[in-house]
């Protein structure tokens, strides 16, 4: 079953994913953690993938760079960067893409940066991998990248180790690392989750600002609808390894369709003083033991008998607004 | 930094005092005394008693302990009862041999252990990994003296390739000789060193290889390794620059710890290969109840142990910028 | 049908099998051994393996298999007593030191350092020289030598565990230090202790044999492996069999405990032990 | 990895080819490092052997244990309590200074000073005084006639001037022997070189290296590997039979000067009765011990007199192995297995005895282990006690806390040396507390008479009594073995004491 | 407002020494909590909000005696708890309990849920064994767990359920105050809502007071009656919830509010991507701790630390300019 990837017809996707399947060999035997995942993103656009822990959003992000952990494998689908299916490339060709065409910003910069190498060395290393330049030129480029992310005193910071920087500065360094070779696509996996709120604001501002200036395509993975509201152009909501809803950010926040999306929004306490929160009862089912029908059905307040039996298709419910739900036929 | 080193060295003092007291206490209650050993079977009880008097063995223990510490403070480690020489001279004469053996074993163990560990981790689950880890298991399971004897039997006795026992010219001298045109001196020195060092290195090599493997596998799962791949780096570069360097950190502290144990293991190895080092001296000193000498040896071991730990910590700080010594 | 987790761990399976075999032999020694352990036959010295003598005979014509089986008893008793004692003392010291910290930790730490500074074999030699040979004395010597290792590891674990929120929670409830140490911390430090003890059994066996080898172990005619090996090395040139068998007995037993320990390490919480070893300060 | 192996092989080959030994050097294996090389204080085999080369004494003891002149030209005994020695002319120490009667007087005077703590002082205590008659003449005055004295006068003469000047002879010995100390690497080797100032001229061998290899088997292996030119006792019996069969090596195998014996504690209530001691002695299977444990390198002993000695008599015989006889004797003494548990008992008490020896000598440990089994067969509940020598000697033997101990005596150049201190009432090393006035009298006579026949008669009579009363049961006469490379650069004249003068190609013997 | 406070904290200070050199002399001080005052009334929720390292968690731990306070007084139900030792400490601990942030590390993995919830009863010797068993079942039901799960181990529960276990344990002794140290920040948003609702229900039914420690303004706004904003060991503003969120007065409070993302994509805020100098408690700036980041800072702010002073609307603010 091919799920449609929404993309305004006038724009050409830089990155597109079709029917991606990811499987994991685990304690309970192999099981699928991401199914029928399709997405597309164009230059200058920010696509947010939102969902709670374990929904498969990070796996999807890693798959885009073919960086899945050893126990996981891509079991099907296509990932195309500028039309080239990277799943068909050999090792070195993929390595050439990483950092050059598509770069990644990780969640926790303290662990994602090598603790025993200076910031500058780590950035320069990327540059030298992809460009034939001298060591000093690479270092100059690293300092430039640090300037780009508005790192204060970049020359000095380049000579420091990750632990010597504050959380916010580390994340700036991480971003500088990703931008060092001007990639067309940036994948950011929860880039602000580990940060304090004032710093988060700065980093989100920086990311938005940089994208505007560099015109890259961006995929941002987050669990925080607040972040989504701040930066997304389009949004994919994931639940239990599948897309449940996809729409432009305005459509999604104005008229959420899927009960899970609605539940998430109701559960956020922000600006709801003393009002009782609408929680989603129950817990996410384990991926190796998914219910037969709609994975959300057991927790869904409006679930019908059909929901428990048959999985709803992911379809366009309103123009440009897709969802997978039997009970909603809003047109 | 300097303050750190000074503090660490100051901490050594209570440890050394404690070790002297423990050793002293043990020697006090160990049956047998140097006088009777010194005078041999044919000595009369009166002669033994007279010698005990003149050695001060009949003084109360606190007087003896006090005297020992008083002498220590003035830099006097005492005089060996049996060798009529200052303890410091005797120990210094032997220390080189033991350090040579221990360092050689450590170098072999480190090189071998790291190589095996890295190869194993890179080929996790393969035949190479399995075979390497079986060797590592055997390495930690084999009594060092048994391995020593087997090696001696095979390479010295049966094959006759290497000398069975003893020490050639001291290695530093031998290196100098080789540089000044006498390579056979170096060969002689190395040929004597090879078997005992090999026997002594088996256990630490096995431990290092296993630890390196575990540590490598752990590091391979670290986020920054994923970052390195995400940057587009080639695998060898990721392994060497990112994985190995970080994986070495825990290995480093174990190497230091092992060095202390190597010195202990040298006791057995030295007695099998007739290596004229501290280990053999220890056995002799204990069997002769040569108190000042035993005390001196214990202090030497303690000092080496403390110094090695200090060096490892300093190295650690040098390799890992996160560790700040202050 | 998948095997239960422990049975899928080859280290554990092989280690447990070897250990079971050795322990079985030791426990059932009088039934497994076809000959008396001191039954000499000077006309049949150094016989090779045969149906009559499974492993041949030793330098007194005694049945080697019977000697090895009874030797296993001695080795295992010493190993178990010394490891048990060392683990007990080390654990208590480590827990107290790690939990209370401060000057208690400082004093206990210094004491641990003192014992750690001695090369193990030398300390053991001296203690056996003081106490005289005998199963309990050798065990005691090994306890004195080995307790520091447990103290170090358990202290490391206690330092980590006492910062755990559930320990904080217990303190918040007003639990006494004793309750916290034994109900909250100890059960969680048990993994590394068990692993360490399992590996320690192997080390104890090697150490005991080394003591015997140097002439400080149980005196003959006790059928210790160390003495048999010590004798064996005397005859090694012409009759290597004795040394090979006794050395192999030691090696296989130690291998069994090591594999078992490794297996347990994988099965029990694998990270805590490696963390317990070297602490480092991160800023 | 492959490369590493290849280069290692190359290295090994290079070593194998190595330079051949120069003709005038020999390398001797020895078991311990010398403690001190001051001739008056030596106490271990290596020190004796080195001192024998570095120093010369008034006399030299031949392989046949006869005293022949060394530094002296001749001597006289004007009366049984006086010895007068005439020194050779022009004697020089290795450093070139002259050796005179003063040095002889100094050597013996210091030796006899109790505060000097010389280990062998007891051997010389009958000496009342040593005096210089003139530069070349020295007179020894004795308290009593003391026949064994000559055998001990091979003690090296030390230079008075140097010793009093503060030179530490223990580490920097200077003597008038055929060799002199070149270097001493503690724990590893002692290197000696020929002394051109030796009165009989420098020996043919220019350099003697003693390599210290404590483990007997390791030493044998080193010898077989060609690292050593000579090895000698103590050696493992196993190695001896192999080396003797190897035609690359020459050997000298001869009776030694030591015994391995059982010391019965006659003060122990259980062992006070000579019959009990006899019964226990009958449990000692000497044939098996000597044949299997010692592999025939020692000899079954029959009495306290060594076969090589002039006092030996084949007529005197200790009890021999007789299991049934022993049991019968035990029964006769009231020890029977009354409760059928296989252990003899009397008055409700089991016949329990402890067999002790020290752990340093593996052959003695094996012997005790074997004896324990034999004792058990006879129904004796025998325990073993094996500890290192210092504990063993201090705790048990010197305090007479032992019951049955397996021990040895070495250097028995005279019967007196095995018997007088050990078995006379109150003797300084009479650990078993043996006392028999008749024996006391005979041993006194043996040491004071200067007539060898008379002495022999006295010792034989004593030996006869001892063979019955058995404070000592001599298990074996130790053998002495020396192996040398067939290409040995000089003639080999071995001596059971293991001294090396017969190996260095000396002009005169 | 006339009601006497249940808990009154005055000048609470927690300092950690920084030692250096050969003799480990103290060369500095980490002023984790630097003299804070607040009160907590019966049945109300006071939130301590601030960013990491501001001392809010240390405050909670100090109140529980889990870290040693270096100064200040704590008065509980009119009784001063001097030094918190012995019997006084025991009774205080019965009446004040704590719920931790991480539901994975706050439960002993080797204990069954039954034993975890029972522990406070055992420690304080409450009831007979039979009563304790009954009480455990009761507590489990109260927090929304099935009593038949009592024999399970913590790892068999999801994060939300584990947090419920932690709450049940805290409730066992019927405390008057529960210190909630970031109780929902490790949870997914849907589960977070469940726990927040549970906490609200418990307060309504049992009348327990919460000292609620959090960095999440949304959660704080939802649950609190009053809010104290902390910055580098100091309280910079305390106010009633509605007043504070309607008109933040301290510049730091204002920055916090501005930084929190809105939930309306049409009202995106303009983020300043300015540099983020964040001083730490180790190297605290002189004067007002916020002055290096403050747009209003003047000369005075760099030297004089403003005191927490009362404003017309009843709120307390520490600022020279507002």
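Labels for the chains are A, B, C, D and E, by order of writing; each one numbers its residues from 1.
The rule is short, and it goes like this: contacts are C-beta pairs under 8 Å (C-beta built on N, C-alpha and C of every residue); 3 or more make two chains touch, one makes a residue touch a chain.
These numbers come from a predicted model, not from an experiment.
Trainee: Treat touching chains as neighbours and tell me the shortest step distance from chain A to chain D.
Mentor: 2
Trainee: Which chains lie in contact with each of chain C and chain D?
Mentor: Common neighbours, chain C/chain D: B.
Trainee: Is the number of contacting C-beta pairs greater for B-C or for A-B?
Mentor: Result: the pair with more contacts is B-C.
Trainee: Averaging over Cα atoms per chain, report the distance between chain C and chain E in Å.
Mentor: About 48 Å, centre to centre.
Trainee: What whole-number Å value describes the gap between the mean CA coordinates of chain A and chain C?
Mentor: Chain A and chain C have C-alpha centres separated by 51 Å.
Trainee: Report, in whole Å, the distance between the mean C-alpha point of chain A and the mean C-alpha point of chain E.
Mentor: 32
Trainee: If a residue has to touch 2 or more other chains to count, which residues of chain D qualify?
Mentor: In chain D, residues 221, 360, 387-388, 391 touch at least two other chains, as defined above.
Trainee: When you check chain B against every other chain, which residues touch at least two of them?
Mentor: 30-31, 157, 271, 320, 322
Trainee: Taking the complex as given, what residues does chain C use to touch chain E?
Mentor: 164-166, 168-176, 179, 183-184, 187-188, 190
Trainee: Quick one: in the complex, what on chain A touches chain E?
Mentor: 52-53, 150, 152, 166, 168-169, 196-202, 204-206, 208-209, 223-230, 232, 249-250, 253, 263-281, 283-284
Trainee: Over in the complex, which chain A residues touch chain B? Could you list them?
Mentor: The contact residues of chain A facing chain B are 62, 65, 67, 69, 91-92, 95-100, 103-104, 106, 108, 111-117, 125-126, 129-130, 161, 163-164, 177.
Trainee: For a test of understanding, state which residues of chain B touch chain A in their complex under the given definition.
Mentor: Contact set of chain B toward chain A: 221-224, 226-235, 237, 241-242, 245-246, 249, 319-322.
Trainee: Could you please specify the touching residues of chain C with respect to chain B in the complex?
Mentor: 110-111, 113-122, 125-127, 129-130, 132, 202, 206, 209-210, 213-214, 229, 233, 236-237, 240, 243, 247, 250-252, 254-255, 258-259, 262, 274, 277-278, 280-283
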